[in-house]
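The following blocks contain the structures, represented as structure tokens.
You will see subunit A twice below: alongside subunit B first, and alongside subunit C after that.
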Partner chain A sequence: MKKGSLNQISVGANFGINVIFIFLSLCCLIPFLLVLSVSLSSENAVIREGYRLIPTKFSLAAYRLLMRDISQIGRSYGVTIIVTIVGTLGSLMLTALYAYPLYRKDFPFRRFFSMFLFITMLFNGGLVPFYILYTQYLRLKDSILALIIPYLLNPFYAIVMRTFFSTTIPESLIESAKIDGAKEIYILRKIVFPLSLPVFATIGLFTTLVYWNDWFLSLIFISKSSNITIQYYMYKIIMNLQFLLSNPSISGTMAKAEIPGETARMAMAIIGIGPIVLAYPFFQRYFIKGLTIGAIKG
Partner chain B sequence: MRSSIYTKNSLIENVIKYKELIIIMIPSILYLLINNYLPMAGVFIAFKDVNYSKGIFASKWVGLENFRYLFATKDALIITRNTVGYNFLFIILDIVIPVALALMLNEIRQRILPKIYQTTMLFPYFISMVIVSYLVFALLSHDKGMINRVILPIFNVEPIPWYNESKYWPFILTGVYIWKTAGYNTIIYLAALSGIDKQYYEAIAIDGGGKRKQILYVSLPFLRPVIIILSLLAIGRIFRSDFGLFFQVPLQSGSLFPVTNVIDTYVYRSLIKTNDLGMASAAGFYQAIVGFVLVLATNTIIRKIDKDSALF
Partner chain C sequence: MKRIKSACVLFLSIILILSMFITACSGQTDKGGSKDSDTKKTQEGQSPLDASKLDPVRLIMTVPGTPQQDQSLVNDAISKYLKDDLNVTIDLQQIDWASWGDKSNLIIASGEECDILFTAPWTQYEVNAVKGAFHELDDLIPQYAPDLLKTNYTWLLDVAKINGKIYAIPTYQILAQSRGFILRKDLVDKYGPEVNFTVKEVNKPEDLEPLLRVIKKNEPGIIPYYGNPSKLLSFMGPWDRQGSTEPTAINCYDEYPRYVNFYDNDFYRECARIARRWFVDGLVNSDIATTKEDASSIFAAGKAFCFSGQTNPAEKSSIENAVGYKIVMYPLIKPIISTSLARGAMFSIPRQSSNRERALMFLNRLHTDKNLVNMFVYGIEGKHYVFKDDSRQIIEPAPGIDPSKNPYFNLIWMFGNQSLLYAYGEENVNAANDLDNFNQNAVKSPALGFSYNPEAMKNEIAALTNIVLEYDPVISSGAVDMNKDGLYQKFLQKLKAAGIDRLLEDQNKQLEEWLKNK
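Showing the complex of A and B:
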């Protein structure tokens, strides 16, 4: 018997497992293909035959229709992009600046500030006080800041980052820099940051996705359509449709004018997923690596 | 910190000595105080009759009245049952399905195929719940959905008005949840499996043990700590649900509320839709307190099993 084959499963079992995974992978892809197909079908064909996996009549009309609504889509896209960029950069900054002192073994307030962080993971005031704080006291209702601030510092990421620092940056390095008279800011910029690019990439990626996919903050804080994110705009479109479907009396008069057609709606979903689909092949490797960084606990 | 006592480093001296580090932390500390600690203190509004015009502090204390209203409705029971029920089911499935998938994926002979499957199955994890609601709608829409128009006719079944029939939704929501998260959890277990030294398997193989024995005596024992920690953490969060799943995917169809309303959606609707601050804050307080107790309890259990994995 060959050495490598000692512990391999049989060809039959291997085939069976592959069949199972091909089926599961298709289950993950088919809903996306369905939406893509509908968005590329002609409206009449969809009304006649329903949503089909392969367009019976190909058409780009849906995307042309959306181009007419480009001001709101563009606006929401812009809001999402600004929120994502500012949010991710701000979040990396706050997280790193909190994680670095926690990593320093000689910092006497290390335990105190670790607890200070932990408590926020354990206890959570819930939606109501949070909502009142942002609307009544910080007065951020309808402000784009309300879409950024709430996700700026995730305690879990601060712990992941501190763990990364302590496993990759030897303390002797920091000590010798201090002996040479370096300031903390200098150490951070010249030693800690350059050595921590992997963890920055991973946490930056996680945060980017959180901001990009967010509709919740728009839902509770924003009523002006000029400041909503693209995800929330999509939510409004599908809810308008659902409302009309469940109130047939209104739908007769309003349907044509107010809501995009079947195909345009699905085209909207494609426009919403687009950037993630395009970026996915590049970031999924980092993401999988990041899961292993997160698994190490220090 | 005995040495610091010995050198008589007082608090003030330490603050001066480490002022740079403290200054660096100030923005984050302020952030946590405002964003996290203030709302914690804010749970007391559950005991008030909040009137915005008077302000929170001047509003009248009403004791347990908000809670009396909340628990007098049958909603309290329904949302608790749904929240805990779904989460309990999710915790079990989050173990069984990803572990099974990871074990199978680990055995595939080819090198490239498992990577392709992983990448494909992880993809739904990155999609927002709004988009998921579109995907589900494309499948389940009454008059045009693929299930009603393409799949059911094959079996000669009449179209089903999915968004009005609550009996299907426990299965639909569970299916959507698994669809979205199984790929992610599988990767976590796969990472744990890849850390196992091949020699353990070979030892069993040499003794004539097949795959089943190897899984039973090597793989599962190695995965055990990961399984325990992940499930205990999930139990600690059993009173919190994935708001998007229960809010977006059923498209807020009223006839589905008996099986789709959870504490989080209830709090949201009381707060924003019906503007009933009393109910919302009472339900939120109930959720926060039970959640806190559960986290403490699970942490105590984790510490007994595996001290290093405990949160604190």
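Showing the complex of A and C:
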């Protein structure tokens, strides 16, 4: 019981902290609800009365409008999902395989590869050489691979993973496995990976988000609409709209019908959020565990 | 020691591999280069227009716009059409407006394959021309694009000149701009006679005032004039000016061009006075100084009687389509042609293109070949459009095609010569004539063809723009009385302190220089 009372906080503080966090949660939640509500309102009501938290006139017109473009949306959704899954798995694999040798003290080029990794974190060639490499040497323009490869190995995550290995997996564990006759691959698969699930989950979550939310790679590498991601599809529609509004001389000749209304844009945002909201609760389990395990072992 | 040694070996081997990679690539480009000079040689020996002796060439044409569903079909049709006399395959690639800025810069910077690239002042024509991103075309035009020198708009080529050289071929489209108010026709018809409202060729903003007052009195739900900070009354003058925040401008009505302080002249002060009167009397929206709302969408929602914008008669029907009301145009100035308007749509041949002669021959055709231009804009006859009236060359969407979801309908102002287009629907039957008349009757800015190079004055312009953004919207929208607490005087003083005189001096010096060499 003594331990419990040590961890106990006063009623006032408890109340205060709860109020602060409820407030912060509402700050995140209300804009989201607003988007949802606008997407379910009728276009006229939004123009007349502005954004409302509860739709004054319920309508599914915005979603029906999006349904008309279902083939493109479906296609982009598929691209995003494939890119996210393949990208996240590939990225975890590559990061782990880079980080693990760096953790092993008996790896001869450890220093060199740490430095090599570190330098890419500080310096990069800039956008144009990046673009030239992918389009002219690797010939990946318009290819779905161009959406995956650039984010495969993030040096920062590799360093995080290496640090995690060296703080949670004692070297003696690997030595004893060796003595018992385990090969390197076996050690990696049966000992290192299972012990490192928390860091995999953490980095996996980050990479999933990076892949899911990415529109920039589509913007620079993809010009065929069949291979763009859903985020870029939405970015494109909204940017086109802004561009045309700010350059009336160009848009003068274009029918306004092409331009989606407020509600349609909000509906797109809702669709874009999609299954990614489910990723949080899934990864969160490991996320918390990762933090606590780290703390107890110290 | 051993570790260092092996690290060295590894490092060296990486360098070796990289260098092999690089030499392999440069070898490739060498090959491309020699092939290029071969074709040039064969071409120089013969007449450039003898198609049977031209090698087949693929021209990649990159332009901004919404990618069209049937683009590849139309590309094929155009290529087939051009096969016999130019022997080129056209690959028109459209890049979304949203990514055009990034992508066009990447194409220029990375030297990616491209033979014809759209350019305009808003996509940094001047900067790229000076940087050497485009081929100079002066020497090639007489030989490869002779028809360009026979059009009735040859002056346009001079407008495209930067430092005396042509870097792009301008498209003949709506080159002039007339500014004024766009009014709702039903309300003009209803209340106009009451106040003896008439529309002349050039009007005064004061003459609109009685009508605004009647609307205010009788139509409570409608804002007489909906404005926003990017298009205030002071902007509606005869100014040759790049953006809405430029502190200086040239008056197009002047015989002799000279940059003046945009904010320190009688025109500006008069506009501010009128705007203030309208604001105080509630004839405008109360958030005019801050709103980011697009005035035309408020108008389209039926909540405004008028807004300010371009009043080109040629664009009347497209505005009517966009806002959903019949409109009356109330121009405040004669149409003017400024450098940036005349350079509004151009095709350049980027430095990396190895087919510049053929590209230029093709651009030449875009200015003379009616079939070609119409294919680019309307697509394939019978598939995307059909003739409704052959003799008057009126077309309509092909049967079974929903006009709002046409799989091919491109921008009418982009390709070569807009006056060659067929009339799309009965109402556009005179469009080509209207276009010619509008352009020919427009006032040419006395500094037409001059573009200011702001390199030396970048800091001043940034500082001045900030001051303008702070003061101009409240003063020229009328939201605050310009004489209150010496607001306007403070504005002018701040502009002076930020170096507007230095900017004017630099601009006028460059302008003088340009006039001398003209």
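As a working rule, the second predicted complex is superposed on the first by the 228 of 298 C-alpha atoms of A that agree within 3 Å, B and C clash if a C-alpha of one lies under 4 Å from a C-alpha of the other, contacts with A are read in each partner's own complex, and residues count from 1 in each chain.
As a convention for this text, contacts are C-beta pairs under 8 Å (C-beta built on N, C-alpha and C of every residue); 3 or more make two chains touch, one makes a residue touch a chain.
As the structure is a computational prediction, the values presented were derived from the model and not from experiment.
Engineer: Is A:Val128 touching anything from subunit B or subunit C once the two structures are fitted on A? First, second, both or neither.
Structural biologist: A:Val128 sits against subunit B and subunit C alike.
Engineer: Between subunit B (first) and subunit C (second), which, if any, makes contact with A:Asn240: first, second, both or neither?
Structural biologist: A:Asn240 contacts subunit C only, not subunit B.
Engineer: Now for A:Phe165: first (subunit B), second (subunit C), both, or neither, which partner does it touch?
Structural biologist: neither
Engineer: Taking the superposition as given, does A:Phe112 touch the first partner, subunit B, the second, subunit C, both, or neither?
Structural biologist: After superposing on A, A:Phe112 lies in contact with subunit C but is clear of subunit B.
Engineer: Figure out whether A:Lys183 sits in contact with subunit B (first) or subunit C (second), or with both, or with neither.
Structural biologist: first
Engineer: Return first, second, both or neither, reflecting whether A:Ser225 touches subunit B, subunit C, both chains, or no partner chain.
Structural biologist: second
Engineer: For A:Ile149, is the partner it touches subunit B (first), subunit C (second), both, or none of the two (neither)?
Structural biologist: In the superposition, A:Ile149 contacts subunit B only.
Engineer: Considering only touches as defined above, state whether A:Cys27 meets subunit B (first), subunit C (second), both or neither.
Structural biologist: A:Cys27 contacts subunit B only, not subunit C.
Engineer: Just which bits of subunit A does subunit B share with subunit C as contact spots?
Structural biologist: Residues 47, 108-109, 127-128, 131-132, 136, 219-220, 235, 238-239, 245 of subunit A touch both subunit B and subunit C.
Engineer: Would you mind writing out the residues of subunit A in touch with subunit B in their complex?
Structural biologist: 6-9, 13-14, 17-18, 20-22, 24-25, 27-29, 31-32, 34-35, 38, 46-47, 49-53, 94-95, 97-98, 100-101, 104, 107-109, 113, 115-118, 120-133, 136, 138, 149-150, 152-153, 158, 183-185, 188, 209, 212-216, 219-220, 231-232, 234-235, 238-239, 242, 245-246, 262, 265-266, 269, 272-273, 276, 280-281, 284, 287-288, 291-292, 295, 297
Engineer: Please give the residue numbers of subunit B that touch subunit A in the complex, ascending.
Structural biologist: Answer in residue numbers: 1, 4, 9, 14, 18, 20-22, 24-25, 27-29, 31-32, 34-43, 45-46, 50, 52, 56, 101, 104-105, 107-110, 113-114, 116-124, 126-131, 133-139, 141-146, 148-150, 163, 179, 183-184, 187-188, 191-192, 198, 201-202, 205, 211, 214, 243-244, 248, 251-253, 264, 267-268, 271-272, 277, 280-281, 284-285, 287-288, 291-292, 295-296, 308-309, 311-312.
Engineer: Which residues of subunit C touch subunit A in their complex?
Structural biologist: Within the complex, subunit C contacts subunit A at residues 3, 6-7, 10-11, 21, 25, 66-67, 93, 95-99, 102-103, 106, 109-112, 122, 177, 294, 296, 300-301, 309-310, 315, 318-319, 321-323, 344, 404, 411-413.
Engineer: Considering only the defined contacts, which subunit A positions touch subunit C in the complex?
Structural biologist: Going by the criterion above, the answer is residues 47, 108-109, 111-112, 127-128, 131-132, 135-137, 219-220, 223, 225, 235-236, 238-240, 243-245, 247-250, 252-258.
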